[in-house]
Amino acid sequence: MLDWNLINFIDISGTFVFAVSGVMVGIKKQFDFFGVIILAFVTAIGGGTLRDILIGSTPVSWMKNEIYGLVILSAVPVCYFFSAQLRKVRRTFFLFDTVGIGLFTVLGVEKSLDFGLHPLIAVMMGVVSAVFGGILRDVLSNDVPLVFRKEVYAFACLAGALAYLGLSYLPISTVLNEIIAISVVISIRLLSLWYKWSIPFNPR
Amino acid sequence: MLDWNLINFIDISGTFVFAVSGVMVGIKKQFDFFGVIILAFVTAIGGGTLRDILIGSTPVSWMKNEIYGLVILSAVPVCYFFSAQLRKVRRTFFLFDTVGIGLFTVLGVEKSLDFGLHPLIAVMMGVVSAVFGGILRDVLSNDVPLVFRKEVYAFACLAGALAYLGLSYLPISTVLNEIIAISVVISIRLLSLWYKWSIPFNPR
Amino acid sequence: MLDWNLINFIDISGTFVFAVSGVMVGIKKQFDFFGVIILAFVTAIGGGTLRDILIGSTPVSWMKNEIYGLVILSAVPVCYFFSAQLRKVRRTFFLFDTVGIGLFTVLGVEKSLDFGLHPLIAVMMGVVSAVFGGILRDVLSNDVPLVFRKEVYAFACLAGALAYLGLSYLPISTVLNEIIAISVVISIRLLSLWYKWSIPFNPR
């Protein structure tokens, strides 16, 4: 398995970027402070929460470590005070977002397999972990979920999850498998960006 | 109890018909492939999933048997390639749909009673199993849930659940009870169709 | 801890007032009987249900005591037949509503702490218990959640939850702590009403 320090770094960065995406939608919709915070949480932890509820892993994972809550809350002042600067680092954000969903997908598959679920169900839970935060964000904002119309995002996760599953039957190390699967997610998103299959930022 | 082969046949058929209803809404709303699949799943297994989460039966039931996932996925190509033919078999679909919700209602009541819940709560869970898939489908599609305006559908489930509960206190066999309760659901729906209480297809 | 008779009285009254709020929205939206009942349930028990699901306390609490279901159902005929009289007792309703959310907040914090969650997560769960019923009501009605735009309501719960947490580190009795925390919620709502920070009735 990947080094825990690296996993934690990607995990926390991804959570932060997801939370920023929620805050941005909340500000655009002119929600109040409280609505913005709810959207930040729902976007950042909604996918993993749904996965945990469905497989019966409660209390859900973000509740067991307060760092997630603090990182998500920190996205609010960052967005309010540094929105101009945030726009300048869009590429960095896109990178973290992409690496983040890759990691979330892989961790979702692994956790579901650990719970003894069928491999294809585990693949589904990997995708759910990565995309349902955005779906719940859009439902709460009274929009049709964006991912229903920009499917490259979900397709990248599905391809990564299937890659992970397929490779897990080969005699390669887990860490190599994780790296390849995350790379699949990243590659498809970058290719889709390159060939204009989808819109770069905020596509969750 | 009803023969498991028969239960499985109705269960799978009902799941397929529910999935088709989700795919149809997704196509009408011009969702992408991924959105259509999510809607198919949510419609087909949303009600039973909510029931399982509420009563604490996890992993939720459709995750324990991959046949459900495969049946739901199969609804997508069927709808894309055979939509004209599907329209011709509307009556058959309506039949499977109706028998399906009857079965889902009864199975929901039975499972909740097995979990030691109060009989009236079990009746509620029977109705939830049958109708919440459609409610979640409509919430995700950004519509007001259809069942909130076409209540005959829910009323048929409620009557079937109450019939099952009432008969369970009488000295009749479980299988007879199940058949009567499902017949109550079917009769009310057919009567409502006959007397134009509601719209025949896609009323979930 | 507060006397159980008193807790039960506030709890049941609060549940009833929440249910009335759901019924009112359903009637205004011209939902059918069934939709109105669903909205009544979702508003009254949605927050506590989400909390229970997230922390893994299943079957969720309202399922273990049928009194909640009966109280919620009773809100439907009351609203249909006594809507004129209900308008006359708006102040009484506002009072029960306010005391109710105070109690729900405090009970949510206590239950989460009992489950061994981090104090800040427990505070969050207290707020979730009090406000998510209204959020789910609005999502099902296809509205943007009102609380996202009228944040005083949520802010009062947050202040009450933080007060309860802070005081729990001091050598005062639990019952005194509960009374103070609920008073904080009530005070902020009354002040917000006085100074027109928010709209008095139906702000959930």
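By letter and in written order, the chains are A, B and C; residue numbering begins at 1 in each of them.
Simple rule for what comes next: a contact is a pair of C-beta atoms (placed from the backbone, for glycine too) under 8 Å apart; a residue touches a chain by one contact, two chains touch by 3 or more.
These numbers come from a predicted model, not from an experiment.
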Chain contact topology under the given definition, line, ring, star, complete or other? complete
So what angle, to the nearest 5 degrees, turns subunit A so that its CA atoms land on those of subunit B? 120
Computed distance of Cα centres, subunit C from subunit B, in Å: 31
Tell me, which residues of subunit C touch at least two other chains? 53, 139, 142
In the complex, the residues of subunit B that touch subunit C are 53-56, 115, 117-118, 120-121, 124, 135, 139, 142-145, 147-151, 154-155
In the complex, subunit C touches subunit B at residues 26, 29-35, 38-39, 49, 53, 58-60, 63, 66, 69, 139-142
